[in-house]
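What follows is chain A paired twice: with chain B in the first complex and chain C in the second.
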Partner chain A sequence: MLSEAAWQAVWLTIELASLTTILLLLLATPLAWWLGHTRSPLRAAVGALVALPLVLPPTVLGFYLLLAMGPQGPLGQLTQAMGFGTLSFTFSGLLIGSIIYSLPFAVQPLQHAFEAIGTRPMEVAATLRARPLDAFLTVALPLAAPGFITAAILTFAHTVGEFGVVLMIGGNIPGETQVVSTQIYGYVEAMEYAEAHWLAGSMLLFSFAVLLVLGLMNSRNSRLLP
Partner chain B sequence: MRALLAVGAFIFCSCTLAQSAALNVAVAANFAAAMQEIGAAFESETGHRAVLAFGSTGKFYAQIKNGAPFQILLAADSQTPLRLEREGLAVVGTRFTYATGRLVLWSKREGFVDGQGEVLRSDNFRHIAIADPKLAPYGAATIEALSHLGLLARLTPKFVQGENVSQTYQFVATENAALGFIALSQVYSQGKIARGSAWVVPSELYRAIHQDAVVLAKGRDNPVALEFARFLRSDTARRIIQAYGYEG
Partner chain C sequence: MTVAHNHIRLVLPRADFDLDVDFSFPARGISVLFGPSGAGKTTILRCVAGLEHAANGRVIIHGETWQDQHSNTFLPTWRRPLGYVFQEPSLFSHLDVRANLEYGLRRVKAAGTGRNNLDAAIELLGIAGLLKRRAHQLSGGERQRVAIARALATQPQLLLLDEPLAALDYARRREILPWLERLRDELSTPMLYVTHSAEEVARLASQLVVLERGRVVAVGAVAEVLAATDVPVVIGEDAGALLEARIAARDTQWHLARADFDSGSLWLRDNGMAMGRKVRLRILARDVSITSEQPHHTSIQNLLPCTIESIAPDSHPSQALVRLSCGQSLLLARVTRRAVAGLALQTGKAVWAQVKSVALVE
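Let's turn to the complex of A and B:
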């Protein structure tokens, strides 16, 4: 069965994925709204930037993060000036890495949801004298609920499956940066295949369950969408 | 039609080329630089090309067990070749130590690491990078040396672990860790430490890191594989190996 170290990695992974999901939804909502409605010439460039983590190998992303977070890197200089020291090998560093890594998985479903709603419901709300923020909170947000659910599940699951970035900036510290995926990798490398199987098997079941729930929800929600 | 023929001829040629160069060598990551030079020397001397794959010994073990097409393994330890031999995946009697690794404490900053390793007793650093002792022989040697020095308990909270010695080097080279224990071969060239500051850990503090090579079952009937194993023990190869800071 799972060892104590494996359980610690499981809890840390859940903590990392939950925090990433919460912070990322807060960040992604205004960004997705802007991408869904702007006519700015910057739209294509920003959209491409957001999608970049889909295409880049995670180790590339991780390596640049390692360079950026180091004492000579721009992020490292900033965090040192603010008195936090450097972020590599810390939970906060992993959190920042995960937010960047999962960005498209939160922004894109939200953007599609906002685009599907269109401008019409917001205009109607405006004629009923709702202020823009009020209209956004009471009209757009509830209509985009399926998009939020999709974004949250995808972000959570994608963070759980994150490997390359964690490997590059984590340093494999138990209870701080040692998550399930790096733990499995360690077991396989150390030829401890029994431990690896337990953890990897649980991960497989978890991933399947997440995607199954997502699929079931999508087929139910598609009736709610216009 | 002519273009199609040309494409066909090209594919045919590249297949036969690939067949004549069918020596696939799996090489431990810490030996990458030396191996490239040895591979080039082997090719110019014998005309045979060795296709090199670099990675961790643990990963190679899993791949070889599952039918990977390697004919020779240059491991980072001596246990893995022995294990492969016992499991019938390597040719009995072909194991030998091709290099003995040396451990070094290294920092990218000039003057940060002193010649006696006294820096380890100071509080001048937040992280110290080591290779994962469960996975990498250099990591296991680090733990052994630190416990001999009586510093293990004190330094453990500052450990950041690379999954192999290449990643450990990366942590130190990007200065995310101020210093770290790596393989001398990674920072050694032309008879001296090429950059930064270093303390070569005295060899009596840890058991020797014997890196063994073995001819794998898939190389049993391949004369080029046996020739390569012989070449690895030649004076040419030994000179290259020593120039990279290994005891040859």
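Let's turn to the complex of A and C:
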């Protein structure tokens, strides 16, 4: 069974993934809307930036985040000036890293959902006297609900599964930055294979369940679409 | 200079031509914007709604300025008291029919009389039985009727309809046309109706604005425009006149019905139309011939005394189009130019029109 240390890592992972999902959805919604509707020449560049975490080795991302959050880095200087100290090897630093690392998993499903809706429902709402923000909240958001569910599940699962970034900027501090993936790594390093098995097996089941749910949802949604 | 009640002037450069229109339309009835695909009809509607911004233009509806480049006025769409029915059914799929109908209603300022309006719109379009359904549970025709009711519920000063029947099959179009006729006859809201269908012009139009490559080539009451000889406007297969009439009598022995119009009457096949029903009659120019004296021994059942208003050359050099006034009503006749010379036809001459065929528009 899971040891107390393992449970601590599980709860920390869930906390990190939940916070990342909530904050990232808030951040990704306007970004995805902009990407889905803008004709700005910046669109391609911003889209590429958002997608970068998909292709970059997590160590590269982690390395630059570590530099940025460190005492000499711009982010580090800012947080120091505000009296928070540096963020590297803290839970907050880990949260920022997770948000950046999972950005495409939230933005892209939302962007696709907004693009699929098109401009027509918003035009219809405008002809029915809805102000732009009103139309966005009462028409675009409900119509994009499947995209939000997909984005939330993917973000959560992806955050649970991250390893490289965590190791680079979080270290492996129990109760602060030690999540399931780094915990498993620790067990293996220490040759505690039984402990590693329990955690790794749980992760395997969790990941399979997430993908199964997503697949079922997508087939149901595609049947519902006209 | 007096400003017309409903006036639209728009100048908008487009990829293939410049849209440049300037016209007025009456305070009630259906004003049809008619023309081939790509003539700029939908663009005009979108500009009037404020969905597209013609930098150079003026839109005055019901005496209110919605847009005017001189006073730098441009109301955003949501502040224009209009209703818009799009070509494809555009109900919100996450709401049921009732919530769709109430969406606009809830956002109109003076909602005091709103309920009555909604009930009136539901009754007017016969959708009371659909209120709990969702969009995907409705037929195409039902969706468009709900969309029209949703637009009407906000009590718009202007109803814009962009080819509302184009996405429907023949049967559904036939199903929804009577509802549109009812709107035209019972509402005091003016409607701008975009179509390239001759059938819809003949059935629905009270006013006709004919567009070609972004320009207005003819504008006026539909009977007037269709009987024009200077700019012949052909809807359907041939030029011809349109008459508003009422079924007034029937001859059961010969299966004929008599339709009276403001200055005469015509016999047509009796299809069982209800007595007193308002009908539109279409008389093609090729079905009208002219005699200078009243014929007595003829198989033609419909003879109308007329005065020649104008004579214009037709598409072929052997033919002429003659515009005839029969009291308040207008007819077109296609005759050979040799007949014009032989009968000494000229403007102002009193003649008899023999009408070989009258079609009921339905």
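Note that the second predicted complex is superposed on the first by the 223 of 226 C-alpha atoms of A that agree within 3 Å, B and C clash if a C-alpha of one lies under 4 Å from a C-alpha of the other, contacts with A are read in each partner's own complex, and residues count from 1 in each chain.
Methods note: a residue touches a chain if its C-beta (ideal position, glycine included) is under 8 Å from a C-beta of that chain, and two chains touch if they have at least 3 such contacts.
Predicted model only: the values in this text are computed from it and were never measured.
Once chain A of one complex is fitted onto chain A of the other, the partner contacts of A:Arg131 are limited to chain C, with no touch recorded for chain B.
Judged by the touch definition given at the top, the superposed model places A:Leu143 against chain C, while chain B stays out of reach. After overlaying the two complexes on the shared chain, residue contacts for A:Ala44 are found with neither chain B nor chain C.
Using the contact criterion defined above for the overlaid structures, shared-chain residue A:Glu123 touches chain C, although it does not reach chain B. In the superposition on chain A, contact is made by A:Gly70 with chain B only, not with chain C.
In the superposed pair of complexes, A:Thr86 makes contact with chain B only, with no contact to chain C. Only residues 56, 58-59, 61-62, 126-127, 129, 132, 134-135, 159-163, 167, 170-171, 174-177 of chain B touch chain A when the two sit together in their complex. Note for the complex: chain A touches chain B at residues 63, 66-67, 69-73, 85-86, 88-89, 167-169, 171-173, 182, 185-186, 188-191. Every residue of chain C that touches chain A in the complex is listed here, in rising order: 49-51, 76-79, 82-84, 86, 88, 90, 92-94, 103-104, 107-108, 136, 150-151, 154. For chain A in complex with chain C, the residues that touch the partner chain are 120-121, 123-132, 134-135, 138-139, 142-143, 145, 224, 226.
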